[in-house]
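Next come two complexes, and both contain chain A; in the first it sits with chain B, in the second with chain C.
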Partner chain A sequence: MNTPTPYSFASLATGIHAWLRQAISNDTLLQVTEMVITGVCLLVFLVLLCFFLGYMERKVAAFMEIRLGPNRVGPKGSLQIVADTLKLLFKEGLTPNGADKFLFNLAPGIMVVTSMMAVAPIAFAKNFQIWDINIGVLYVSAISSMAVIGILMAGWSSNNKYSLIGAMRSGAQIVSYELSIGLSLITIVILSGSLQLSEIVESQANGWWIFKGHIPVIIAFVIFIIASTAEINRAPFDLTEAEQELTGGFHTEYAGMKFAMFLLSEYINLFIVSAIAATIFLGGWMPFHIGSLPAFNHVMDYIPSFMWFFGKTFFIVFIIMWFRWTFPRLRIDQLLNLEWKYLLPISMVNILIVTAMAIFGWHF
Partner chain B sequence: MLLAPDHITEEGEFIINMGPQHPATHGVLHLKIWLDGETIKKIEPQLGYIHRSIEKMCESLSYRQFIYVTSRMDYLSAHMNNQACALAVEKGLQIEATPRAQAIRVLLGELTRLSSHLLWWASTGLDLGGITPFFYAFRERETINTILEETCGTRLTQNFIVPGGVMYDIHPDFQKKVKDLIKQFRANYHEYDEILTGNVIFQNRLKGVGYISKEDAISYGCTGPTARASGISCDIRKLAPYDGYDKLKFDEVILSGGDCWARYQVRMAEIIQSLNILEQLIDNIPEGDFLAKTKNVVKLNKGDIYQRVETARGELGVYIVSDGAATPYRCKFRSPNFSNLSAIPHIAKGAKIGDLMAIMATVDLVIPDIDR
Partner chain C sequence: MFLKNYIGDIFSSIKSLLTGMKLTGYYFTHLKEIVTEEYPDNRGTLKMAERFRGEVIMPHNENNEHRCTGCQACELACPNASIKIVTKQETQPDGKKKKRIDTFVYRLDMCTFCNLCVNACPSEAIVMGQKFEHSVYDKKQLKKILNFPNSKLMEGVEE
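Let's turn to the complex of A and B:
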């Protein structure tokens, strides 16, 4: 796996590195330059990704709701989201009079930064990872739980009662559902024996965990999808926004680009949880192989690894969007019941079963 | 938010003003809510934001004119409001609409009821956080509105009824289009069950929430589907039939649950009953005049008249006091939404904020009808 094929992203990265090394002799400066380049690339990629996700969401919603969706700006309405972003850029970024101005303006930044930080260890393709940290799973769950700080900050500093209720709801919700996310991730950590995302992907070379791990892993996968939908505040768990109850929840008072940053972070979070689910359960960039069919496997290998990764990721993104446009919202006590009375006990029992499976080698 | 400190009675009490501009109040209703965390301790509805003094306006309008002001009360039952006023005037004149006019009135009335219930269904889904159902309901509602537009000229406030009958005859395509609508509705009805009624989250949001007992429903004066879900027989179409409802076969849907889920089911069953009525009547519209002969200037005898009809939301009563002139001396409407709203502070006590949305959605308030 350490010999990059000529057309992979890794060879591109290596080439750029070698070229920069010739131009810049100072090691620290080289590292900083590379970091900046990576950061800029990541920013551009994420913004483009959010444009795409926004467009996809509208089209999926339209598909579910027997209507057409955006179809005026650009071909098939694909530039609608760009036009909307431009509109938001030119809008006045209001700060309410009674608000805590510093925290109010800081909160959207925290939301976006925490979302973007969590992208770092994700393996987009074969040998293409920004930061292959050895505790990748732990890192992602730690970073993503910081988003609650941004929401609480936004809700509390807005000096709006609806925002405050929304923020308090998100505190209860995100902290609760993190447990289930953590526990369902741990099942795969137990099975693969590593916290490093690249190694978890490698461990699925002979079959994705969702196929190898029997029913317990499928249960963990379902719990992960439910809990992460709650974690990123999307319907049917969008109680922090709940526009029909709280007129927008924690971001009621935000307008213009500050509001757009919340939207940006929501879509990045959507991408991250889908990417993590794809990496952990569906084999990341690993192609789909069936053991006894070498010809079939060979054909599958011809599909580039980044296409596998994005295909799986967008499949999960679609599922989460499907939730949003099909289900009504839960009530706050039902939401907490679901977590503490159902998901958490099931995850705990599930972990015991998976541990037994790992010890006795019952999985494939 | 502008409360004086002495209004806050207890430590930790949190007061929010829901409305007059709020997505879930469907209009300019203002609810002052005392909260304890997420739990509602007390609700105080504050009215008057859309008061247009319709009752006072009626006093300066002739008996032919005042009918159309009432379209703007419960705008979703505009046709039934007009019907109530026209019936009241007819009662005063001691005439009756022609059989053809009666059939047209009932047909249009049931179409209006259907479209009103569809909008209710759509907004119930919306209030509980599901946006998709809205578009499914509006698909059928659009067909209904097109039919109404063809015959009446308008889609929402039809203004089609005059004392003694209706303004014009029905459009030549009316019968065919209504039959198509019934076919379309029956074919699509399973989608309504699949996307909302059968959804576990949706059922859990409604079941056991916002309970009104039979006694409470009577004492608060609830009518319509809200009262029928608490086991009260109150369908005016059955109790005091008008415009030939006594000749039609349909069931009065009565459930005893009293909660939001029962109210939901009552309305869903009423949609089917309305379809049945349309089906019975569409091929049997009597021939003849669509308008009975009346004098150009309608004057009622001295005295008072009370006429009630069943709108989509409950019992609408029209009370006219006449002093013999060409305009009413006093006009008073007993609107269903006002009474239904008065039950909300009682039933929402102890509920969560999310429950309040379910309660308001299933009581199905139309705000201009509360203020008038």
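Let's turn to the complex of A and C:
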């Protein structure tokens, strides 16, 4: 089952590796070259992905608000984001006078780097993963909570009260919701018995966890989606930006390309949480399998694994966008109430149930 | 008791959130509900609302007759003096002299489209038109004379 099929990404990667091995004899040099190639590919992929997500967001928003959305630049407005990026490129990257210049310029970089680092262990397709680290789940949750450093840095160094309030709110928010995210991820770690993302995907070969683990896993899934929406500061949890009260929150003072980097990291984060949710709960690149129907499973296997992965990921991206354009923003006390009074107790009880389920084998 | 309220709260809030998502989901899947007007692309098929107020106009019939008696009620009603009525004495066929309008001056640049003049007019001589593309390069062109040249008062309005 693990032999790469001739047209998959895995065989492409293996082919490139073999070719480079012939061309470059020095092992260290080979590794560095491969790292650079991977990095560049990833950057290009993520930027294109962000263009697409930006376009998708605006179209989804428009359709949900009975509007047309961007429709002037390119067919159906598809080049709108490219035009926006060009505009941002030509804008002056202003640094306010009273700002802490070094931190102010460092913050957007930290945001982007932390978001990009979290992409590393994600399995995009069968056997196609940048870094199959054995503590993938832990790594992702650790890295993604580092984004708050970038936000706090931006808020503090801007020397602006709105930025600071926004950054402080974001700190409170990320620290609290981190718990629920961790606990809902742990449910699957308990069930699959591994922190490695590739193994978690393999454990879903006979059915995705959301079906195998039924009610407790569905609860964990819902909690994960809610908490990760809060973690990436998207509406209805976008108190960090809260245009009406904080004129943009931590990125009030940013303009031009530095602002674009915040946007970039926001969309990468959106992609990451969706990809993680898809990997952990919906089986990642694993096709839709029903335990005892080999013929059906075989048909599903014909759909390439990257299609499954991106299909599931974009399904979750769509749900998170749906939230954003439906729900009104929470107040800060409501936000903390939701986490400490509802999500956290529920996830704790849920973990107990899942542990019992794993011990007694109540799942399918 | 507490637990019952707690769980009841969760389910009622989930229900209300799903109600909201159902509505936005409905709009997302029913693109024919979109209300955006793609002006100026749809200039040819543009449908204005019935009560839209674009400008004050004075309708004339096919014999170049209007219904304005020159009573100046509209001029008095206008809060910002956008209307000026110049009257003249006209000798009627039966020899009597009567007051008739000479020019009905309407200043579009000052009008706030409040509709008060139309309401004030006792003889329904003026109405609100639907045209709204009024931009011109010279402000003077916004000072309009609403009665057509050589137009007459319609028979039977002045009784």
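Basically, the second predicted complex is superposed on the first by the 358 of 364 C-alpha atoms of A that agree within 3 Å, B and C clash if a C-alpha of one lies under 4 Å from a C-alpha of the other, contacts with A are read in each partner's own complex, and residues count from 1 in each chain.
The rule we apply is simple: a contact is a pair of C-beta atoms (placed from the backbone, for glycine too) under 8 Å apart; a residue touches a chain by one contact, two chains touch by 3 or more.
Remember, predicted model here, so these are calculated numbers, not experimental data.
Trainee: Taking chain A as the common reference, can chain B and chain C both be placed on it without clashing, or not? Answer clash or fit.
Mentor: They clash: once the shared chain is superposed, the two partners overlap in space.
Trainee: Under the stated touch criterion, which partner chain does A:I66 make contact with: chain B (first), chain C (second), both, or neither?
Mentor: both
Trainee: For A:F45, decide between first (touching chain B), second (touching chain C), both and neither.
Mentor: Neither partner.
Trainee: Of the partners chain B and chain C, which touch A:Q334 in the superposed model: first, second, both, neither?
Mentor: In the superposition, A:Q334 contacts chain B only.
Trainee: After lining up the shared chain so the two structures overlap, which partner does A:Y342 touch, if you call chain B first and chain C second: first, second, both or neither?
Mentor: Second partner only.
Trainee: First (chain B), second (chain C), both or neither: which does A:A235 touch?
Mentor: It touches chain B, and chain C stays clear.
Trainee: Counting residues of chain A touched by each partner, does chain B or chain C come out ahead?
Mentor: With both complexes superposed on chain A, more residues of chain A are touched by B.
Trainee: Mind working out whether A:W325 is in touch with chain B, chain C, both or neither, as first, second, both or neither?
Mentor: both
Trainee: Following superposition on the C-alpha atoms of chain A, which segment of chain B from the set 3-11, 165-173, 219-227 or 327-335 overlaps chain C?
Mentor: 165-173
Trainee: Does any part of chain A touch chain B in one structure and chain C in the other, and if so which residues?
Mentor: In chain A, residues 64-67, 325-327 are touched by chain B and also by chain C.
Trainee: Touching chain C in the complex: which residues of chain A?
Mentor: 60, 63-68, 71, 322-323, 325-327, 342, 346
Trainee: State the interface residues of chain C toward chain A in the complex, per the touch definition above.
Mentor: Residues 10, 17, 20-21, 23-25, 27-28, 31, 33-36, 38 of chain C touch chain A in their complex.
Trainee: For a test of understanding, state which residues of chain A touch chain B in their complex under the given definition.
Mentor: Spelled out, the residues of chain A in touch with chain B are 61, 64-67, 161-162, 165, 169, 235-236, 238-239, 242-247, 325-334.
Trainee: List the residues on chain B that touch chain A in their complex, please.
Mentor: 1, 14, 16, 22-24, 35, 38, 125-132, 134-136, 139, 195-196, 199, 201-202, 204-205, 352-357
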